[in-house]
């Protein structure tokens, strides 16, 4: 079935199709339409979930921790200040190994207040152990949200997963979205994972652990995270069979093979990058583009393989880099350093706080990058 | 004056010497002795500050935002869950450009509960715009806390600053600490910076900013952050004149010049690294060590200069790397990638959750690194 | 970059510009277009001028950048001409479709010209109101759909059925009347 | 790595092991040593066995790793021998200083031998108590300070003055008595 | 002659960004007139963050600290302590929505109340999260439609003034934009009391959120009081007193039926006559409680020292 | 014959990590005996996080979710909803310290109360942050020494049971480890009530924190009640009732002087006779309030519907 | 003592007309001076501070009046009527 | 349905003797069976669940009794005395 959906509604449809048991969320622009749509689905009976209308985001995530700890499938969504307010328990969810799924509509952090897209919020949880996916269209929001459940609940993983997308450009823009006819063919059966807590078999989750014991819990997390790419690819493979859409590598390459310069981006700006690649190619400039879907764990090897032998990598970061290169750019740098490739690396902080980035901007960045040294530059527009 | 002080008490003495107007904090192991000592100083009249005994860390930082917004010099300290609970307003303080100073006693994140050192908490704020310093002894805690005030309140900066140190190994260990006789010779005069809010000249701090306006506030932050190393070096220079202790480069090198392999670390483990360097050198192995004090902004150029031409860099990360190399290692990787140097990069997650790391461990890591590929390894001990 | 057909909808908060864009996109989608319907990305309040947009193309649209000007500018409230720089919202070869009895003064010579439809009259005839505000958006869908040259009336009615639940009959009538009554403005 | 002189203090929560370590470190610092006093890094409750440590050296100590065994093990409560593996806490060439009238059974042949001091008796003679718990730590400072061979009694008394405010006189007496009464255990 | 009685100075400037007919904007105008220019506002996320105007323009002629949603009372605590330490006495006033007060801001408010900072905390209550588009808050009345309670709120409005009375703060009062005399008297009393947190709670109608014609804002404010759904009172050092028109409403017969208030609002449109009857009963019971309390001598009771 | 009257099963196992004489541990034993094995505990950061035992050993024979300090009531909300959805009815019980209840956990608690989840929330009140080494909390009594109030707490104990009564939850009660009969009756009532949050608040003496000999824990618990400093009561659907020994203490003459309670505790050692007198007056005034309330018919009053 | 490091730029300054809210209006309030008794009620209840009252009469600032109609409804003397902007 | 991905390892399991708390004791409670009336009060108030009461008498588990002295103080028949461990 093909529907015209915004990114937010696409998320709500994916959640409806995953049929979680408990949803808990707190409103924040631009996430609000997701939970409003879910409230509608529940009201109409299309979704049989309990909706806990909490008094804050900290409580939203905590409620899901409580629910998942006894075996519920769960969902929440938030944005910006909301993610930061629940920050403590976001980490808690990962440490507790609970397969919670979250939607994150990226939005700038205050002050000043700003409701438009910026990936600063997204990046704050990049070391937490959550599987992190980034969607650049409503279709991707729908698909990746379903895949997130597959990854999170997989017995080799059991870690929470989030799917992010840009405020407004994706969250509020209607576009054609193809739904999966029977999501149960994609998703793990409900109750396939054993919840940590059950009165029949009492255990405690989180007792004080002395250093060695604690380190062991963390080592096991590292191993679980290492298994994510495979599990992701497997789930993406099932989706491909059902729909033909392929996310299995965790990233997409566009005209990279013979490129000398590769743009790297996540989210809605990738559309402009793609157009810019076409435009530059039309003028004979050998450029390509790489879009990241699976941001954590980061596909170091894949990215390094794509960039190996190139002259230049240009990272478009939708966030301000303060005191260091931006996160996506450092990830690319690490991929390069680990592989020992020497590629000029230029980062532009572009689209900060919702600034519109166009194809022409991207072309102009390409020109600027040629002239500048490697490093981070703040893109003020042309 | 030389006193036997723990790292926490050293922080309290530095704060006493800086004479802030408002202190607000919430207890958490292992930070608690700092605020208990400050409460004593206030009780005895040695420190004339208002102490706001808030009901949570979120409120502690918020109280300082309120206080600093009208011109007060401020202090708080926290740890682990506390930092994560105040996370939203930590970012707020930076965006509001308020020169708040914070102590952070690094501690592992739950679950499971663990009160020992781990730098995961520290790294969560690495993109926030705060100036971030790391001390590896009580003396450094004292010195860097005073320098933090100098940097934060400097008219070219006006950004908050934090000083971190390890739980227990530094926070609770007594060692000789030399105090600065007259801290006013080091510190900026009180009231030297103009607070944003004053009834005489009304303004609003934080009104909703549309994308371009918002991006401009962020660009100005980038510029302020760029000025930090210079301002830091200046303040460190003043301290050097008063005490002979030199932090001005933002990092320390030990036997690096002719080394083929350089260890990189922050915090108390650096003591072991130093001993291991001596031990390996004694066996004729050319190794050196680099300790980072000024973590944000990260000294890419200095670090790259030190590492340029080396065969191997071994980063000791006191945190779990989940889905990516650890933050310190990615910073080093970025330094290398920007400079285009090809150095084998090996990271060990060692000392996670307070696991004791000894000189022998470090020597063993060296050996392991020789045999392994570049990448991150979890150090379980020998 | 594929060429796209763009519509800018300008009205006031509450008049239903986004719904109009959505119905147009729905009609386009059923005709095999790739269609976007985009609300204005703002923090506007009720009564303030608000935008919505369409971007339509025969091939997939990857761009999510802002729409700056339309092939059609649909002006739901002519009094906004004094408030918003309307001229800049029409592409050089574009047209204006305005909810008005006659041509709007000051907008002469705009693009390929002005089309008028008295959407307010239609809404009032059909008693189409939400919270007291006449829903002029539905007649405008008919008018814009026709002027665009991309649709049959049937497409628009089907799209309306797909998207609208409340007061469906009157809404269908409104689209139809908009389609029927739109005409090149008399100046 | 510079050689360090290490002391392990083992007592119960509330007996003042950390204060003892602190006073010893203070005495060492005044004699030009670089001195660490380290509490146990645990989450122990009142009554549970707790550790404290000293690490002393003529040169700067960079290491902050755990102390595993001492040149001196100061045992504030002999009943802990059944609870903690005391042997492992003494370096091969180290000694035990125990708060006890006579040698502690089961610890024979430990390092270079056992020293005894009846710290409880001293504390009780001087009525040194906090919250009902006798402060055996001060006599132990005197005893350990003497056995270590690093200090004069004077150093320990000055260090006590520098660190202790409450009941100073009795505390000084306690240190002195500990110094005076410590002796190689009779077995 | 209102303009002779109340200060003419405006501290909320024209061209602000409230919706037409915003009850909160009326209230805010009155509040700032009562407090004057030596007033620092602390504002968490809420409609007023937008009303304040787009950066770098501000509709406020007093200093304003915008602060994270959960943090307003804490920020005000730090601010008043700083101003006192720096020798700059002033009014420090939190202006927060109901969501920012009864839900996400409650903890900071409770802490500040317990510590007894000399601040004024004002909750303007439009009974939902309006800035994000009408979601249920802990202050949404029973039965009201919101986007997250599509069939009406199954829960009940949290009684925050009552909860603040249980905190034993020196002053608690309720406000309405329809009764400026009452507002001015209460604000001036609050500003004159030194020490302790003063808590004020205003019911401020919201045309888009409550689904009514914007011209009805004052009328609805008045009806809320006249039907007894909103009670004007103050609790000064534990002593409860009805104020303004509410003084005359103890007798049920003096109160208008709640239906008059409900029927003007789209958010209550779906209520059945039985629902309305239930709400009427809740209101009547509340007044019975008030009557008892007044008998008791106005002392607010609670259980534990 | 206590062991015949109360269940013999232990759910808090020996070898747990409380200090000798811990009042909270006594209380917890009683609570779990009353609730039985089909009970899920949710525990925020507090002494009990440590008491629970070092990983991978647990001193609890029921499932326990340890959770971030501020999050317990919210986690319990989600847990009960999940168990209901999954068809596994059980007791979901928050067990939290005073800091985790009256300070950092208050907001989540208030939200859960407003939403009316079917959970039991128990605050064990040792009147300070004990797990971090005795810092003042919002529940620390006036005058008490803590490490952050070296000259005694200048503030006053927040009345959380009263605040929860203002939330109109179906059940509020106070507990003491010295009165197991009272405890069992209240817990079983709470467990049997369906719908709504049940709030219980226990005063649990703490030897290191209050500075007294550990053998005195039950004695102090008893003295707290006998002096009237701690009142045993319950409020069921708004109706206030004294319970246990507190029923006999309305008359001032029946109550022991508060000095008997205070003098046993090191944290009150510095109090002057005038200080003690002031505390005595506060307690007496509280009992006067209780007397009035009981006259009124046991209905708890507050101002606002 | 000037603000530095760009901090001035994060402050918003008091501005009459943060937005041109007169453009939001669908109906405008029109005062009938003959009926007006200068009671000030319209001034008191206008959410937008768009009313001025002086001896010279009531003046509405159409640059900022949003046309809510409160003044018209609350005027005790029915001296204000709302007129469509169309 | 087994737990995977190491999740079992983050759970703590009910254990008698999470710590050997008997080692914390400075004084031990000793029951004088001749005075004991088996009333169960010591059992009821022991914070450490270290007391067993049966027809056979009161037995204290010294592996876990921390020596707090509550049982001795609360015993209505003064049947318990605290004896130093030294």
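Here the chain labels run A, B, C, D, E, F, G and H in written order, and each chain numbers its own residues starting at 1.
Just so it is clear, a contact is a pair of C-beta atoms (placed from the backbone, for glycine too) under 8 Å apart; a residue touches a chain by one contact, two chains touch by 3 or more.
Quick caveat: nothing in here was measured; it's all calculated off a predicted structure.
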A correct list of chains touching both chain C and chain F reads A, E
In terms of mean CA position, the chain most removed from chain D is C
Rounded to the nearest Å, the gap separating the Cα centres of chain B and chain F is 40
Per the C-alpha means, the centres of chain C and chain H lie apart by a whole-Å value of 79
Taking each chain's mean CA coordinate, chain B and chain C are separated, in whole Å, by 56
Contacts with two or more other chains occur in chain B at residues 29, 53, 55-56, 58, 81, 85, 88, 92, 95-96, 110-113, 115-116, 202-210, 213-214, 217, 221, 354, 356
The positions of chain C in contact with two or more other chains are 43, 45, 47
The positions of chain E in contact with two or more other chains are 17-20, 49-50, 52-58, 60-61, 66, 68, 70, 102-104, 106-107, 110-111, 114-115, 138, 207, 213-214
Within their complex, chain F touches chain A through residues 37-40, 42, 49-50, 52-58, 60-68, 70-86, 88, 90, 107-108, 110-111, 114-115
Listed in rising order, chain G residues that touch chain C in their complex are 19-21, 23-26, 66-67, 85-86
Note: in the complex, chain B contacts chain F through residues 26-29, 32, 35-36, 39-40, 43, 51, 53, 55-56, 81, 85, 110-113
As the complex stands, chain B meets chain E at residues 21-22, 24, 49-50, 52-56, 58-72, 74, 88-89, 92, 197-199, 202-210, 213-214
Touching chain D in the complex, chain F uses residues 17-20, 50, 207-208, 211, 213-214, 266
